[in-house]
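In the two assemblies presented below, chain A is common to both, partnered first by chain B and then by chain C.
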Partner chain A sequence: MSLLAELQRSFCDGLRTADAPDGALLEMLQDDDLARQRFQVYRNNFIVLNGDALADMFPVVKRLVGDEAFRMLATAYVRQHPPRDRTLLLYGDLFADFLQTIPELSGLPYLTDVARLEFTWTAAYHAADAFPLQPDQLQNLSEEAFAKLQLRVHPSLQLLASDFPIHRIWSVNQSDDQDELISLDEGACRLIVVRPDNEVQVRVVSEGEFEFVRQLMASATIGEAFEATNQTDPQFDLGQFFSRHLFDGTFCAM
Partner chain B sequence: MKKTSTSALVAGAITTALALSPVGVANAADTEKCFGVAKAGKNDCAAGPGTSCAGTSTTDAQGNAWMLVLKGTCEKIVGGSLAEK
Partner chain C sequence: METMQASGRAPAPVPIRAGAGLKPQHYQSVIEDQPDIGWFEIHPENYMGKGGPPLRYLEKIRQDYPISLHSVGTSLGSHLPLDREHLQQLKSLVDRFEPGLVSEHLSWSHGYEWYTHDLMPLVYTEESLQVMVEHIEQVQEYLQRQILIENPSSYLQFKASEMPEQVFYVEAAKRSGAGLLVDVNNVFVSCTNHGWNIDDYLSEIPIELIGEIHLSGHSVQQVEGRTLRIDDHGSPVCSEVWSLYQAFISQFGLAPTLIEWDSNIPEFPQLLEEVSSAQSLIDAVAETEVRNVVTG
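Moving on to the complex of A and B:
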């Protein structure tokens, strides 16, 4: 390995530990106290600013565990999963999985899913735009053709299911002045996260709505998706679902 | 037979949606997403973090003290058989 490559590698490794830098880097820095201090400043910025990006991405998780605990979690995450991308817009994609590995958080079993919801929100926010499905695109079709149609969901659309009432936890913690008691016994929830125009929507949906959209995303035709959904949730009302969502940007132009 | 009823149901649902859809409204894609414009408190991930010199006053907690001090609003979430602390 060339000296430069080795230096760069130990510089990167050095950023991810709390220990003194080692190897080629140490040789470069050991006789120079000022350089060593500068490295510490750089490393501190690396940890703190990437941690700030996580705090922006996961404000509810931060609120749930408190500032101090969040800062520790963020620091550990930055060391374990430093950014792989030049932008930090979607930094934290593995944060939910990471939280699951922390034994101290086992008392907050919903935290992982709340983190997933926060990441999903931002991913939807930055997802591609798309033109919504328009009524005139369906107007000239025969009625028999409808069931054979494949609808395309909006590129931002994501499904999220949790065993915990994460939507309630997430909404109540949108502001600091929340004072509501939430019971985990409220149970599971299913969410559709989508950004048809500029506003990210987080919709609480029924089992049927969730399944129907899941089927469509797996390239089922409307007819196939409807039949499969009927097996899971006989209460699913296709008429009501389409009246609300067929042309509201949930689906995009064909 | 099942097929007929499915396609009839689907056709009915879409026809209803078509009948209800307003005619000639503004295209939802007319609105443009503006970078740098985001609602406060709504995951406003600007380009700022990691790019500025801010933040040096916060120091990285040294050591691996995994004694997490949970002081957040998680105290207000109760119940659930899995959630015993």
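Moving on to the complex of A and C:
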């Protein structure tokens, strides 16, 4: 192995480990009695910079666990899952799963789903743009032809279901000055996260709306999706759903 | 979704004026107030999403200002090959936004299959130099344009280094045909951290290769009774760096000068103040130059 490769690998090992850097690495540095501390600057920068990216991505998780605990979690995550992408835009894709593995967090059973919501929000923010479906694209369609249509959801659209009231937890914790109490008895919620234009929307939806969009995303036609949805939620009102969402950017141009 | 507008845009070349690093916190101020700033610089890696607001804001701001792309993710000094996908994304931003300048660092961030996302120090050997030159050439060929290379701020040195940083830095540019982005704060930080002589460092720099100058703040840490300066871009430019900048542009001539402020990001007016401080120094030197020409 070339000197450059050897040095860079050994440097990376030293950045990532929670232990003291390897003696062989310190041997490669010019020593003025500060070699260890000088290396420590890079190690701190590596942890802090990537940890800050996580803090930006997961402000509500940070608020729920507190700054100090978040810093420790972020540090452990950076070491376990260093960035695999050239950009930090979507760093933290495994953070929700990672939180689930931390025994000390078992008292906050909703935390993983809150983290998922925060990641989903940012993913929608950076997702591809698309033109919304326009009324004239569906003009003069017979009812039968309409039922056979396959609608395309906006590329930013994602579904998220949780056993906990994560939408309320997430909304209330958007700023530091709210201290509303939320009872976990409020129970499950289903969300559609979508960015039709410039703003990411987090919508609380019924079981039927959730199922209907899930069916459409799995390439069902409008007719098939409606039928399947009817099985799970007979209350689902297709007319009402379409009057609100058919042309609001939830679906994109065909 | 906006379509690309080639016409009706501010011209591409970055003027010899002071500019500012563009931060998302300031998008609205820039768009609404249209401040009198020469140009903006962005990290292309922050605009490599598939779509969304950042690209739209940038489209809008590009209408009114020239921009520079200052990349942090190419990892030119890595023993590993350059990443094709990243280069493609960089190229598509270059094609879309027509930046006046494109730059990268004398550094690496890719040692394994993961990325440090921070700029790591190079060992200054002939081997590293060849890697650096080859990678700069590949980027320039791919982008079909010259790039500028920025000198790093560093905190440690490797025993195996065969030449001083400034020699390596200038040689990398000369051999690859790149230009130099001289970060005056980094010169100050590295020289004081290592006890190098600033004049020796600067004396290596050929005037004709300078394409851009960076200025930023750094923090000062006391470690075992000694001072380490950390380049964190989180405060105003310090007085020593302002003096060094003034001396630098008096001696080497003017170049587009950027105020970088990437952490503890201030309200926009404070950033503007820093930019106008740099602009005043540029104007003063420009006036002297004019006077010298007039009086012969």
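Here, the second predicted complex is superposed on the first by the 241 of 254 C-alpha atoms of A that agree within 3 Å, B and C clash if a C-alpha of one lies under 4 Å from a C-alpha of the other, contacts with A are read in each partner's own complex, and residues count from 1 in each chain.
By our rule, a contact is a pair of C-beta atoms (placed from the backbone, for glycine too) under 8 Å apart; a residue touches a chain by one contact, two chains touch by 3 or more.
Owing to the predicted nature of the structure, the values given are computational and were not obtained by experimental measurement.
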Partner chain in contact with A:Pro83 - chain B first, chain C second, else both or neither: both
Touching partner for A:Leu49 - first (chain B), second (chain C), both, neither: both
Contacts of A:Leu238 with chain B and chain C, given as first, second, both or neither: first
Touching partner for A:Leu184 - first (chain B), second (chain C), both, neither: first
Which of chain B and chain C A:Ala35 touches, first, second, both or neither: second
Partner chain in contact with A:Glu227 - chain B first, chain C second, else both or neither: first
Partner chain in contact with A:Tyr110 - chain B first, chain C second, else both or neither: first
If touched residues of chain A are counted for chain B and for chain C, the larger one: B
Contacts of A:Leu246 with chain B and chain C, given as first, second, both or neither: first
First, second, both or neither for A:Glu144, with chain B first and chain C second: first
Those residues of chain A which chain B touches in one complex and chain C touches in the other: 41, 45, 49-50, 52-53, 83, 87-89, 125, 129-131, 198
In the complex with chain C, residue positions of chain A that touch it: 2-5, 7-9, 11-12, 15, 27-30, 33-35, 37-39, 41-42, 45-46, 49-50, 52-53, 82-89, 125-131, 155-156, 195, 198
In the complex, chain A residues that touch chain B: 18, 41, 43-45, 47-50, 52-53, 56-57, 59, 62-73, 75, 83, 87-89, 91, 102, 104-105, 107-111, 118, 121-122, 125, 129-132, 134-135, 138-139, 143-144, 146-147, 164, 169, 173-175, 178-185, 196-198, 200, 222-223, 226-227, 238-239, 241-243, 246-249
Chain B - residues contacting chain A, complex: 2-3, 6-18, 20-21, 23, 27-29, 31, 33, 38, 41-47, 49-56, 58-74, 76-80, 82-85
Of chain C, residues touching chain A in the complex: 1, 45-46, 48-54, 56, 73, 78-79, 83, 85-86, 89, 108, 111-118, 120-121, 123, 125, 127-128, 131, 155-160, 223-224, 226, 228, 230, 263
